[in-house]
Structure formats: C-alpha cells, structure tokens
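Both of the next two complexes hold subunit A, though its partner changes from subunit B to subunit C.
Here is the complex of A and B:
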C-alpha cells in the first residue's frame, strides 16, 4: 500500500480523484440538503412549476404578458428584457464612448481635458449609485400636467414620451428588421467572396440592396398603418394623463441612461487605447503619401484601432450585459429580477437558480461567439509589421 | 569669417495660443465649442454647489428648499447616519476610528517596504482584527455592538477589506490549481472560475444571502453578512485568479526550471521564484481589480445591507429632507470618488514607474 503511494502516477490519479470528488460531494450534499429543507416547506422539486401560471405581473415586457401566463413564458420575457435593455445600453454606451474616446485622442488640449474629466468622474462612481441618482431625478420630474416638452418629446415622472408611428406592432418590428438589413447587407456584400465582381466595384449592388431594404421598411410601415390616424403619433395631455406616443418607463430610461454614461466612460478608455496602439510610423507614412487627415483617419487609423480594441470591447460588452441585473434596484423586470420574484413566489429555489445560471451562460457564450466571428473576419491576414 | 547663428524667434504667448487652439478653422470651432461647454457647466455647477447653496442648518429644511442652489444642510443634519448608519450614537467614534484604520492600512500597503508576502499579510491581518475589535467591542471595556447595527461607510469598508483578505489567498490557490499539470484538477478549477465569471455579481450575492441557507446544515449557516462576504470574495477571487495566472505566464519558464535544477521543492519554487515575479507582473491589473471590487461593494444594498448607499437613501428618504436627494447622492458619490480616484491614480503611477524600470 505504501509502495503504491510512492508511485507518482498512482499519486497523481489519487489526487485528482480526491479533488474532483470532494467538490462534487460538496455540491451534491448541498443539493440534497436543500431538497430536504424545501420538501419540509411543502415545495416539490422539479421543473413542473414552469407550466403553472405565475399570478403576478411584470412591469415591462416586449411580449404580451398577463398574470395567467406560465413561468416559462415569464423567463422568456425576462431574457428578452435583459437582451433588449442590454443592446440599447450597449449602443448608447458605444456612441458616448466613441465620442469621448475620440475627444481624448484629439490634438486639441481643450477637447482632451473635457474627455478626461468625463472619464474621471463617471468611471470612479459605482454604477448602482448612478442608477439610484438617475432614478431619483426621473421620478422627481413633474407630473404629466407640468411636463417638460421639446420637439414632441415629453419628460414626466411617469416616463419619457416620444412620438411613435401609428402602425401595428408586427409592422413596426418588420420595418426595424428591414432598416437593420439596410445597414448590414451592404457591409456583407462589400466583403463576401461569393460575388463574382471584384471587391471595390460593388457600389451598385450595395446601393441596390440598401435601397431595396429601405423600400421594404417603407412598405411594411404603409401596410401596417392604423387606419384614420396621422402617421406620427405625438404624445399629448388629455385630462390628467398623457395619451399617444410611446412611453418609455422610468425604470428602463434610468437603466439605459446609467449604462450609457457609465459604460461610455469605460468604452472611451478602450477607444483611446485602440488609437494609441496604432503605430506612429503608419500614420506618418500615410500622411507622407499625401492622404488628407480625414482619409488617414478612415483608411489607416480607424481600421487598425478597431482591430486592436475589438477583443477588449467584447469583454466590456459582456460586462455591460451582466450590468442589466441592476434592474432589480429600481424594479425593472430583467431576467435576474424574474428569477428573484420566482423564488419569492413559488419557492422553487434550486430550479430558478439553475435557470439563471444557464441563461447567463448562454448569453455570455453567444456574445463571445459573435465577437469571435467578427474578430476573425477583420483580423489582419498574414504577418504584418506594426510600428 | 564669423558664423552668425540665428535661432527662429521663440513664439510669443499669443502666437503659442493661436497655434495650440486656432491652427485651422476646424480646430478653432472645436476649441470654442469645448470652451463654451466647459464654462457653461462649470458656471452652472459652481452656482448650484457654492454661490446659491445653503450650508447651515439654522433655517431648517423649509428655508433650504426655497433656495435656488444646493441644500448642503441635509449633509450637516444627517452626516452621522450616512457615515455610521444605525451604529449607537455614543459609540460612533469607534466606527470613525475603524474607518481610519482601514485608510491607514491601505496607505501602508501602497508603500513598497511592505510588499513581501509576510509583511502585507501582517498589515492586513492586524488591521482587520483591529477594525473588527473596534466595531464589535465586547472586550477592553468596549460595549458590544452586533453586526446588525453596523452601517454606513464602516460597513462598506468592512465588506471590501474582508473580501480582499479572503479573496486574495483564494485567488492564488485557484490560479495555482488552474495551472496544475494534472488535467482534471486544472479543468475542474477552470470550470469553477469561468462559471463564476460568467455570472453577474448581484446573482452571486443573492444566492449566498438567500439561497445558500437552504443548502447548508443549521450549524454552518452563520450570519448573513459573512455569507455575503464569502460570495463577494469568491467573485473577486475568480477574476483575480485570472490576473495572477496572467502574471505567472509572464514569468519565463527558465526561472522555474532553474529552481528545479537547484533542487527546490514545489512550495519553495512557488513562494520564492514564481509568485514574487508573477505578482510584480500582475500589479497594475491587481490594483485595477481592487478598484472595481471597491465600487462593487455597493451592490450589497440589493440583498438588504445598510451600507453607505442605503444609509444615504435613508438620510433623505424620511420626512422633511425628501427634496434633497441630489445633494445626498452627490455627497456619497464624492466619498466614493475620493477613495476610487486616489487608488486608481496610484495604480496609474505604479504602472508608469514599472514601465520606466523595464526599459
């Protein structure tokens, strides 16, 4: 027995079995104890509860939702809410971050100072504090009667009201998809190797594709238009309440603003790092070829910087997607809040936590997969000298 | 023949200004736009925070609400609840002293003299013990104050310090396990680290605060505060482990091979060769992680702790100061800013210094 332990191979196997075994034993013991404790409270484990109706409401949903809907439908709503808030927040944060990041790399001292002040202030204050701050600001806005108004937008304590086309929901979704296609399709057509035209001579094809997508958008808006109403629906005061337009709930607006501002300060630093990594020699070479500063930016600095920042940006996006869980602080029913509410109401603790983990794992993995694809597509081919 | 060297005349002050801000029309527009924004914001902010602000409590909330600017009297009236939470009034000096202990401890650990494993462990161990004794009492004639009465800044700092104290050694262990040569050990550890990293911190805190009691036998449950600290430490260590591992990968393999050739044993190699060099490589990222984790302590408000953000909510939430929410949030933001900004500046300074020494 002792001689067996002296054998390196045996010892290694034993160590591994011990390590994995003890972790597995801990997890299993936890699950067994939890099931027993829950059973004492009259909660049967298993995923049958997914098909029971919830009995409570969500305050934000892109899909139709009533208290009679089953739990699985609510989980779906939660994931879609998280993804929707996340993508709106990501887009806004990217816009803010790009502007601030460019200001920070500008040759103008004042612009640099302004960008730096922004980053220093908003990066150093916790996100949740900013969420609470914006929520307090928005909920203390005037009531609909005294709403701040500008260009048809209304700011009230009940949310932000924006003009919205008078079309059916399905038509609006179709039109949105078509507009996205109008942006994505020409980009793809410009790079793909499936067309016989050489790259660089595809202007006509790209233009046709974009125009066709936009025409599709216009058609779907025209078809889905609600009868006897103007195309754009402006919010207006009727009695004590606001009618018309699209209401963005205070919770959603708060989180989108907070994520945009906080995330923007991080993305600004990533953008700055990306531009800093572009070799001075590359820029000088382009300038000495006689390119204008604008063309140096679009043809040399931007593409190189984009490649440098994309992997870091991907991590930041994943982080921001997870930051939507701040929703629970202000009562926005994101995925995590739905899980927490499920635990409160149904007591199906283990199952709900399992679904939470699986959900975030799926979100993270799919985001990572998308960014890996993009990264591979734009990576420089072969060995190229930098500097 | 005498050569006369004429240097180009040094640009005058006005010429210098013109070159820096008005070199081209576009630059001029940009400069003017930035200047306008800055002057406008600075004026608005100064006017609100200083010129039209009320600083004294003498007029009471009513006079304060009528003022056009900030109402700093809410801070003057409620600073105790923001800093100390529900800590007993007569004992609040202990809470203040405990916060000073943490600040001293942090400053000490920024001095290179203390950058050996033993010394830094001593500083943090002794500091945390002192903090705990001061806050909890029950010995040396200090009255006993239970954890449920802790709050405000002291609770925030306590959670941060204990998170690091537990999380850091755990991170090193996880990093060592992950780079183990035994495939099942490294794979399982990798699974744990990546699993924790893929979850949001709030969900981990929630699991440890609310769900874990179901999965533990009665005698192991402990106080909710310590469970949440454990969760937060686990989260911290999963991120920190990857930073430490990155630092280890930066150490040339020759170093460890040479140590092996000298006949050093595993722990000697780790403790004397690998870790000192790895920690040096990982230092900037480590400080960054400390900064992030300090900001993230504020999330414990979600699972119902009375840390500084929650005590701020309470400071304006009741009765007559209801209107003064901006001032309270600005004050708390300023406290966070002082801590986080100085720590991140220190990190940047260190990074610069190290990049010089590597040249």
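Here is the complex of A and C:
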C-alpha cells in the first residue's frame, strides 16, 4: 500500500480524482442549495420566462423592439448592441492608439511629449470616471435650437445628428458590407499573393477588387433609394426638435468616445512596444538595400511590429469588449444593462446571469479564436535571433 | 548591368578625406583618410571600439559623419537624399547579425529590393536571386524562412541579398563574428570567391587568414585613427607601428 502511494503515476491519478471530485461536490451542493432557497421564496426557476413579453422599452436598438417583445428577443438586442458598441469602440480605440503610439515612437520631441501626456492622463483615470466626464460634456451641449453645426452635422445635448442617405435599411446594410469588403479584400489579396506577381499587377488586382466592391455599394444605395426624396437627408430644426438625418444618442456617443480614448491609451503603449521590438538591424539592412524610409516602414517595421503587437492587442480587445458593460452607468441598453433590467423585472437572477456569462464568453472566445488564427498564420517561422 | 547614372566609370570607388565622427563628446573617428580603387580588397582590423565599424557604416550613411568628406563612386555623400539613395543602391552591406527579414522567405529577402528599388519585373528578380543563391551554395533553401536556417546559411543569404542589387562595392561588418566556429569557413569561402571575381570589398574582420589570402591592403585602426596601412605581406611581417605589433601579437599568438 505504502509502496503504491510512492508510485508517481498512482499519485498523479489520485490527485486528479480528488480534484475533480471536490469541484463536482461544490457545484452539486450549490445547485441543491439554490433550488431549495428559490423554492422557499416561491420563485420558479427555469427558462420559461424567455418567452414572456418584457413590458419595458429599450432606448437603443438596431433591431425593431417594442415592450411586447419576449425576453429572448431583448437578449439578442442586447448582444447586438454590445457587439455594435464594441466594434465601433475598438475601431476608434485602434485608430487613436495607432496615432498616439506612433507619436510616442516618433523622433519629434513635441510629438513624443504629447503622446506621453495623453497616455499618462487617460490610462490612469478609471474608465467609469471618464464615462461620466464625457457624458456630462455631451449632456451639457446646447439644445437643438442652439446646436453647433458644421457641414450638416449637428451637435446637441440630444445627440449627434449626421446626414444620412434616404435608402431602405436593407440597402444600407448591403452598402455597409460592400464598403467593408472594399477595405478588407485588397488587404487579403495583398497577403495571399504577396510577391507572387510583380508589384504593378498586384496593385491592379487589389484596385479592381476594391473598385468592384465600391460599385456594389453604389448599386445597392441606388436600388434601395426611397422614392421622391433627396439622396441625403439632412437633419433640420422642426419646432423644438430636430428631424431627419441619423441621430447618434448621447449614451452611445459617450461610451464610444470613452472606450476610444481610454482604450486608445492602452493600445498606444502596445503599438509603441511593437515598434520598439523591431530589431534595429532589420531596419538598417533595409536602408542599406536602398529602400526609402516609407518602404522600410511598410515592408519591414510595420509587418514585424504587427506580429509583436497582435497577441497583446487581442488581450486588450477582449478587455475593451467587457468595458462595454459601462453602458449601465449612462443608461445605454447593452447586453449587461438588459440582463440587469431583466433581473429587476422578472426575478430570474441565476438564469439571467447565466445567459450574461454565456453571452460574453461566446463573444470573447470567438474574438480570441479569430486572433489566434491570424496570429498562427503570420507567426515568424523558425528561431528568431534578436539583433 | 551597372546602373548608377552620375557615377563616373573611371574614378576611384571610395574617397574618404579628413573624416570626423562624434558620439556626443566621444570622438569616434579622427580625421580618417582612405582611398579605395575599383576592384581593391581592403581588410580593416583593430581592437573593439577603434572605429572600424563606424567608418564603414558612414560609407552608406547608417551613421552620419560630422566632418570631412566621403565620395562614393564619384558621388558626394552629404545631406542630399538623392545622393544617399544613389550610393545605397550601389553599395551592398553584410552585417554581423545577418539582419535578414524574418517575415519573408529567403527568396523574397533577395527579391525585395531589386523589385522595389530597381523596379525589376518579378521574373528577372527571381532569376537573379536564384543565381546568387546558387553562388552562395544554398539554392535549395530558397523557400525557407531565415529562422529555419543555421547562422552560416543566414549569413550567406545576407550576402546573396546584397549581391542581388548588383552593387559595385560590398561592405562587410564583422560578417563571421556571430557565427559558430564551424560555420566561419563556409562564409569566408563565399567572400573569397567574390574577391576573386574582382568585387570592390571593404571588410571589417578579425579573420587574419582571410586578410592574408585576399586583401590588397590591410588597415589597422586604433582610437578612431588609421594607424597602419600596408599590403598583407608587409603588414603581418614588418608592421611599423607599436600598437599594430601589440594587436597582432594578441590575435595571432594562439
């Protein structure tokens, strides 16, 4: 018996069994206790509430929503709102982060100082304070009557109004997809056919793909155009309120700005680190081959920096996705706020939180999976010597 | 095949006059004078910190000199970006740490600059690249990535990459210093071949055997100055300067 316990394999198996057993016991006990407590309070557990109508409204939705809609539909709205806010926020944060990060690596003293100040300020103030700060600024903008106006854009305390094409929703969605394709396709083509055609030919292919996608966008806008209306709908004052155009609600704008500015400060550091990791030797080799500084940047520094940045960037994106839950601080109906409202109204706390966790897990695991794939595809092959 | 336009075909390959270089207050090069004819093979040696690398890095503007003149193939090296570009197109460089582009295959490493700087069509760039990979004896590694090669192989790729630009001058900055001992000779062999074909070469190296075999002139530097300059026979047998003698006794007595 003693000798059996001294066997390494037996020991490891025993430890595993103990470990799994205690976790299973904990989970089981939790379930039993929760069921008993719920029964005592007269709450029926289960997911039947998903099909009941909510009886309350959401203030922001990309899908049609009324108080008669069931809970599952509201959860869907919440997830889509979170994804929408997340993607807008991540995109803006990436743009801000790239600009600030490049400023921090620049040879210009003033640019470096500005970049550093930016990072120091926005990285060290808690996100929730920044959310409240931007919300206060936006809600203190003038009323529609005294709106700040520039090129048809109106800035008011009721949100940002922008000119919007008079087209059907489906046509607008199709056009948006086509524009995204116009950006993604040339990049993808540039990668898969890298150096397999002469530069000129490769450019032509990329250009054709982008042009084709843009033509598709134009066609869908033309087809889906609403009859008897101008192509662009400009917001204008009617009575006390603004009509026309697209209104970006203050809550959404607040969160998008806060995530962009706060996330941007973190991404700036990732961008800076990425560029710092590129060996000086590779840059010197490229220069000694006669490549211009711009070519050295696009062909050597950027591709190598991106590879160093991507894993950390993926981490940051997952983190920022979770930061969308700040919606509840300003009343934006993201996934988290919908779950919170659901708990208040239906009392199905455990189920709703379960759905919340499953939803965020699904979003962030897919995000991580996509980044892992990209990462693997572009990883440097072989051993890397740091020169 | 030779394409620099304002480079005079007849003149010297390189002329350095009263070259001064400072790093802050540190005087790295002190009024260095050097002239290199076309086809000449120069070996530069000296203790570390003597300014050998700094000098050859000034020749293609990886370092900016603070005083004196450098003219490469008749083109004055100054703040004129056009001149710098022209000189870099005609001067190839091989580094101690190879500095290959790790995200490109060996072939792409060799084709990049000819396609972008010389605007060669792909087929021509590839043919040139394969020819030079053959020359450095690693044609079979063309589709591999630098990280998958040994140090000696990487350095030979680096030489091929520089040759693909069909430069008129090759600079070698301690090309074998980072290599495992058994890989030194494969790189030196390639350099010997190159020298025998008449390439103008300036090599910073501690390989005294190589210097003896191929150099037309050996230059000894110490404290940012050229202390001794002589053909290898004279340099190794009857060095004039005390510092040279001391250095040679340190590197040769093993």
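Everything that follows uses one rule, which is that the second predicted complex is superposed on the first by the 336 of 387 C-alpha atoms of A that agree within 3 Å, B and C clash if a C-alpha of one lies under 4 Å from a C-alpha of the other, contacts with A are read in each partner's own complex, and residues count from 1 in each chain.
Operating definition for what follows: a residue touches a chain if its C-beta (ideal position, glycine included) is under 8 Å from a C-beta of that chain, and two chains touch if they have at least 3 such contacts.
Being a predicted model, the structure only gives us computed values, none of them experimental.
Asks: Between subunit B and subunit C, whom does A:340 touch in the aligned arrangement: first, second, both, or neither?
Replies: first
Asks: Could you tell me if A:170 is touching subunit B, subunit C, both of them or neither one (first, second, both, neither)?
Replies: neither
Asks: On the A-aligned overlay, A:232 touches which partner chain: subunit B = first, subunit C = second, or both, or neither?
Replies: Touch partners of A:232: none, neither subunit B nor subunit C.
Asks: Any idea whether subunit B or subunit C touches more of subunit A?
Replies: B
Asks: Using the superposition described at the top, list the residues of subunit A that contact subunit B and also contact subunit C.
Replies: Dual-contact residues (subunit A): none.
Asks: Show me the residue ranges of subunit C that touch subunit A in the complex, using the header's touch definition.
Replies: 60-62, 85, 88-89, 91-93, 95, 97-104, 108, 111-113, 115-117, 121-122, 144-149, 151, 158, 161-162, 165
Asks: Name, in rising order, each residue of subunit A that touches subunit C in their complex.
Replies: 194-199, 279, 281-282, 284-292, 295, 299-300, 303-304, 307, 378, 380-385, 387
Asks: Over in the complex, which subunit A residues touch subunit B? Could you list them?
Replies: Touching subunit B from subunit A are residues 12, 15-17, 19-20, 23, 30-31, 33-34, 37-38, 106-111, 113-114, 120-121, 123-129, 132-133, 136-137, 140, 322-323, 325-326, 328-329, 336, 339-340, 343, 349-350, 353, 356-357, 360-361, 364-365.
Asks: Within the complex, which stretch of subunit B touches subunit A?
Replies: Interface residues on subunit B, with respect to subunit A: 20-21, 27, 30-31, 34-35, 37-38, 177, 182-185, 188, 192, 195, 198-203, 206-207, 210-211, 214-217, 295-296, 298-299, 301-302, 309, 313, 325-326, 329, 332-333, 336-337, 340-341, 344.
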